[in-house]
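Before any comments, here is the structure.
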Amino acid sequence: MTAKIPVSVLGATGTVGQKFIRLLADHPWFEVAAVAASSASAGRLYGEVVRWRENAALPDRIARLPVQPCEPPLQGPIVFSALDADVAGPIEQAFARSGAYVVTNTRIHRMDEDVPLLIPEANSDHLSLIDRQREARGWSGAIIANPNCSTAALTLALAPLHQAFEIERLFVSTMQAVSGAGYPGVASLDIVGNVIPHIGGEEEKIERESRKILGTLADGRVKPAEFAVSVHTNRVAVVDGHLETVSVGFRRRVTPDEAISTLQEFRSPPCVAELPSSPMPPIEVDLRLDRPQPRLDLDRGRGMAVTVGRVRPCPVLDLRLVILGHNTIRGAAGQAVQIAELLVADGRVERPK
Amino acid sequence: MTAKIPVSVLGATGTVGQKFIRLLADHPWFEVAAVAASSASAGRLYGEVVRWRENAALPDRIARLPVQPCEPPLQGPIVFSALDADVAGPIEQAFARSGAYVVTNTRIHRMDEDVPLLIPEANSDHLSLIDRQREARGWSGAIIANPNCSTAALTLALAPLHQAFEIERLFVSTMQAVSGAGYPGVASLDIVGNVIPHIGGEEEKIERESRKILGTLADGRVKPAEFAVSVHTNRVAVVDGHLETVSVGFRRRVTPDEAISTLQEFRSPPCVAELPSSPMPPIEVDLRLDRPQPRLDLDRGRGMAVTVGRVRPCPVLDLRLVILGHNTIRGAAGQAVQIAELLVADGRVERPK
Amino acid sequence: MTAKIPVSVLGATGTVGQKFIRLLADHPWFEVAAVAASSASAGRLYGEVVRWRENAALPDRIARLPVQPCEPPLQGPIVFSALDADVAGPIEQAFARSGAYVVTNTRIHRMDEDVPLLIPEANSDHLSLIDRQREARGWSGAIIANPNCSTAALTLALAPLHQAFEIERLFVSTMQAVSGAGYPGVASLDIVGNVIPHIGGEEEKIERESRKILGTLADGRVKPAEFAVSVHTNRVAVVDGHLETVSVGFRRRVTPDEAISTLQEFRSPPCVAELPSSPMPPIEVDLRLDRPQPRLDLDRGRGMAVTVGRVRPCPVLDLRLVILGHNTIRGAAGQAVQIAELLVADGRVERPK
Amino acid sequence: MTAKIPVSVLGATGTVGQKFIRLLADHPWFEVAAVAASSASAGRLYGEVVRWRENAALPDRIARLPVQPCEPPLQGPIVFSALDADVAGPIEQAFARSGAYVVTNTRIHRMDEDVPLLIPEANSDHLSLIDRQREARGWSGAIIANPNCSTAALTLALAPLHQAFEIERLFVSTMQAVSGAGYPGVASLDIVGNVIPHIGGEEEKIERESRKILGTLADGRVKPAEFAVSVHTNRVAVVDGHLETVSVGFRRRVTPDEAISTLQEFRSPPCVAELPSSPMPPIEVDLRLDRPQPRLDLDRGRGMAVTVGRVRPCPVLDLRLVILGHNTIRGAAGQAVQIAELLVADGRVERPK
């Protein structure tokens, strides 16, 4: 067996932190070498402080790791951050300054001009922003962000359509799972048998981030995509899986058949396709009348594929379609792990012999 | 106590039929005098054949009514129809021919040119279509339809905005309760912890019916409203209450404040406002950030008011807003009862002395 | 209109506090004159600080009441307490000392020897414990407790059976609604599509409180009922309504028919039957095969009746049956209001002229 | 690769039938060679007639199998039956007569004296009943039954306790998933936000079957275990997983610690332990306060292990505990597959070379 690359997880006890632990448990390239959390937990064993909510057992080796404070240095060249947005900024910057690649699920740096906001299948070229970032900030490490959970599924599904036909206008109405709000997150009294038509800050994030991700890189900067986007976000009584109904208009008339072919033929760039976390294909088109559905389609591509269905004409714009993505895998920890894999494939992090 | 007007209910054992029974149980003007259902039930007592699913007790007097076959004559000048669409056509026509006012919840006659499709607060003038209907068909009675459940809430909420500003384009994404599918309807295996992004025929109904309801009457015909409308329908794990996210564009720029005032100031025509089932106000605007919600706002106006919230600018059209309506009251039986009340207030059905 | 008795509510902003406000909004005898909450809210208006979760509108008059600190004196002879258990003790005692009748939903004083734990239909005679309480503690007021939510439904349903046949052994397995845990209470991530087979402290409360409530008063003391009781408590994804499956053995063999008659014939003592909150009958027996169910049967007697069903032989003890009660009405605020009514009917609180 | 044993599935389009297809898709010993269903589907391709509800993709090879009528002969020495109880009897008998081992999930033959009702970990010796069965009925094949879904989890968890301490009295209250009722099964209107305290015939099945499974084999007959058992069954809004609260009394006093050790040390007989579907260990004891839970613990042992928690004293009998089992795997198709594996390990079905 080859040696693995040691990695560290910040905010390891929360729901996204736990998902990192689970996804990294059997990872072919990475091995969790350090877990860090708030000072309240630091010094105790991970297995003692975590309220483990994953439905697979917590690996013994990880359970016995001591929880460390969120300060550099920890272990290895890559640090995954599942920190709360209100504390993440200075901590992530300190790690990047000290030489680590910080792959963060936190919103705090996503819109920074020199921070790549990555969906590797869609915009792996944006990774080069970190060269500018390191130079400008004088860091030996860097910060790379993954998008908000709803944005991740949306932009991965729309990327091939945007590349082929150029989106002009976009309507999105989401039905988002409770796991998107963390733990304890949404009170059951608020959501059992109910829908909440509001998720704080989410509509703005989707509008902003989707334009950055689908934007074009020129002269070391991302020029945001120019489409107008209108979002309605809703919380529903689903555990995992964000479902999104979308109407989209392009620069020219696009038929459902064209869109379906474009989605079905979409492939990642070779450097991305070979990553352990990359699903094949990245986008699954399901033509059955009532799909995708969270309960039936969520685990495609081990949670890293998005499923697109109901591709049909739109009486107002060009197309209507429905997108499903796994909010804590493609929309959070899984996406971050894939980004870290890209750092290795790209040669920025050295593989152990 | 004044005598009440006897009425009959067709399809009285189904979920909408039961809702009719419940709403009419203490009605100030009407009294259920006959219940009819399929021949399998005819001849037995209502209380014996109904699988009563309302959360108020079935009144004893109704339980003891014999179930009659769905053939004229039954009792009284008004017949409410909760029949299945596949059998409703000939039966409803037979009752109308024999002199009854058939107020139907079935989709079958909704788009007939000479059948009014009514939301009394929005288009009570369309009732006069029945004069043409009776003449053309040679009937002494008439058929009047209430809209599809999602359409009812949508058009009531949009009516004042359309009247004031004229809608040009409309996006709707619904989250609909399982009671909208009747009983047994949606299998629990399909919806517990899930969302189904498809409801058969529903999108077309909303697109078609909303234009008819908001259309204008001229020369004895309804000229449909001319807006383009794009609909996504979804089923969620909610018992009652359809929630709809809406983006809308008007002939001229409209601000959220203008829309809010228009909605808040909207009042029914006087002949409608005085009906026992008419809520006051018909549209409640809730400015709280996370409203309306099915569980908290459904019963406003005893299920006959719609609630509008989150009125805010739309980056693509003019406005975004969220609409909630009670799908089995405003969207079905309650709406039909209100239409029957209008027949009385309008003098078409005589009040008993 | 007669003047009403002013009352105060402690902990008025929480879920039980809100239920008090709602139940007292149109009460024929009482009028909320003061609302109190933690010092964080004190000084602001109730309507501004409460996150109102009831599905009826907050009355304007109450919304404009200033929130007061939880210190005596407030308004009127009766104080309802919906305080958290960890702060309730000294506050409730201070009010009782200063002359108020404190009717409390908190667990803190329930098992005190001189505090009545009341279900008026079952043990209104226990109210006389407060004479001893006032004397022993030197108070001009008194504390009266209502039981834990699961216990309330259980003991009301079992009271007539215990009185007639004397219970010896009792098994209870509950399926409890999330509203029983307050707000935010149970995280949706924990309960959507799930069951949690544990509710902290609840099993012990049911075992202890049920014996006190069904105990006999002698020499100014309650001698607990002597049955053995084994409880399993579970949380399910229901908003309101605790359902309990029960097996029970008596001192002599009891048949289902005997039990059904006993339950059906049970009537409150006259002084209780006439109280505004007392349902008639207090226990509804539903013989349908699949009842009671929270969604269909919860509101019987406006939430104050319990429903008993599935009365059938038990292969191990005498009988099996299923009990349903409204946990925030019969099991909390409604029960407390009924106790306060008993104080008036009993002459301990004077009716206004 | 070794050749696999061809097997057939009766009732292959229903929910249990689909689970058979999924579990057999990658089975190391078996290969689905024929699928059969009602005559309405016969002659068409499986992929065209099945409404596939599993959350893994239907294998292409199976999708292309023609659906055959439920008549012998089909393919291979083993036939799995997921037929409806009302048609299963004659069909299963015809297959057994014609030489097949019919492993059935249907209730119809479970209580036949000469039909083994198997949980291999608990009573693999009962398999020898089929010798008597074949002789008495003159069949070259045989029928072997797996238990009802709730019974399977219950008896597997109780088997080591019964073997060690002998159960005398047993109380069970279940909270059962909707998948236990098949498809469409429970209407969503009945179960969303609700509990139904009745499942037709289920209580009797559990009482009867658990005594047969835990009974002892003597002189070619099963002498049922002699404990008294009282069951309450309830349906809850959970997709998969039956949770059961249990109070149990033994011939002698048993402490929680004794029970926990006994459960933890329990191992299958060697011939069972080596079967591909046998989980290791068969019973997982979870000492955390609020476990087991369907959402978190259901997949242990790939759905074949049962989880036991909350082992604590019972105020009336000896012990209280909570049991969780996967109702469509351990409680249905997975159990049947394991039984078929036992037929191979036992030498009754020949392994291909």
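Think of it as A, B, C and D in the order they're written, each chain with its own count starting at 1.
The criterion applied here is as follows: a residue touches a chain if its C-beta (ideal position, glycine included) is under 8 Å from a C-beta of that chain, and two chains touch if they have at least 3 such contacts.
All figures in this text were calculated on a predicted structure; none of them were measured in a lab.
Peer 1: Considering B-C alongside C-D, which chain pair is linked by more C-beta pairs in contact?
Peer 2: C-D
Peer 1: For subunit B and subunit C, what's the span in angstrom between their mean Cα positions?
Peer 2: 40
Peer 1: With chain centres defined as C-alpha means, what is the inter-centre distance between subunit A and subunit C in Å?
Peer 2: 48
Peer 1: Roughly how many whole angstrom separate the Cα centroids of subunit C and subunit D?
Peer 2: 43
Peer 1: So which stretches of subunit D touch two or more other chains?
Peer 2: In subunit D, the residues touching two or more other chains are 53, 192-193, 237-239, 295-296.
Peer 1: With chains as vertices joined when they touch, what's the shape: line, ring, star, complete or other?
Peer 2: Chain contacts: complete, every pair touches.
Peer 1: In their complex, what parts of subunit D are in touch with subunit C?
Peer 2: 169-171, 173, 175, 193-198, 200, 207, 228-230, 232, 234, 236-239, 243, 245, 247, 289-296, 309-310, 314-317, 320, 322
Peer 1: Within the complex, which stretch of subunit B touches subunit C?
Peer 2: The contact residues of subunit B facing subunit C are 53-56, 192-193, 239, 295-299.
Peer 1: Could you pull out which subunit C residues touch subunit A in their complex?
Peer 2: Residue positions touching the partner: 15, 53, 178-179, 183-193, 237-239.
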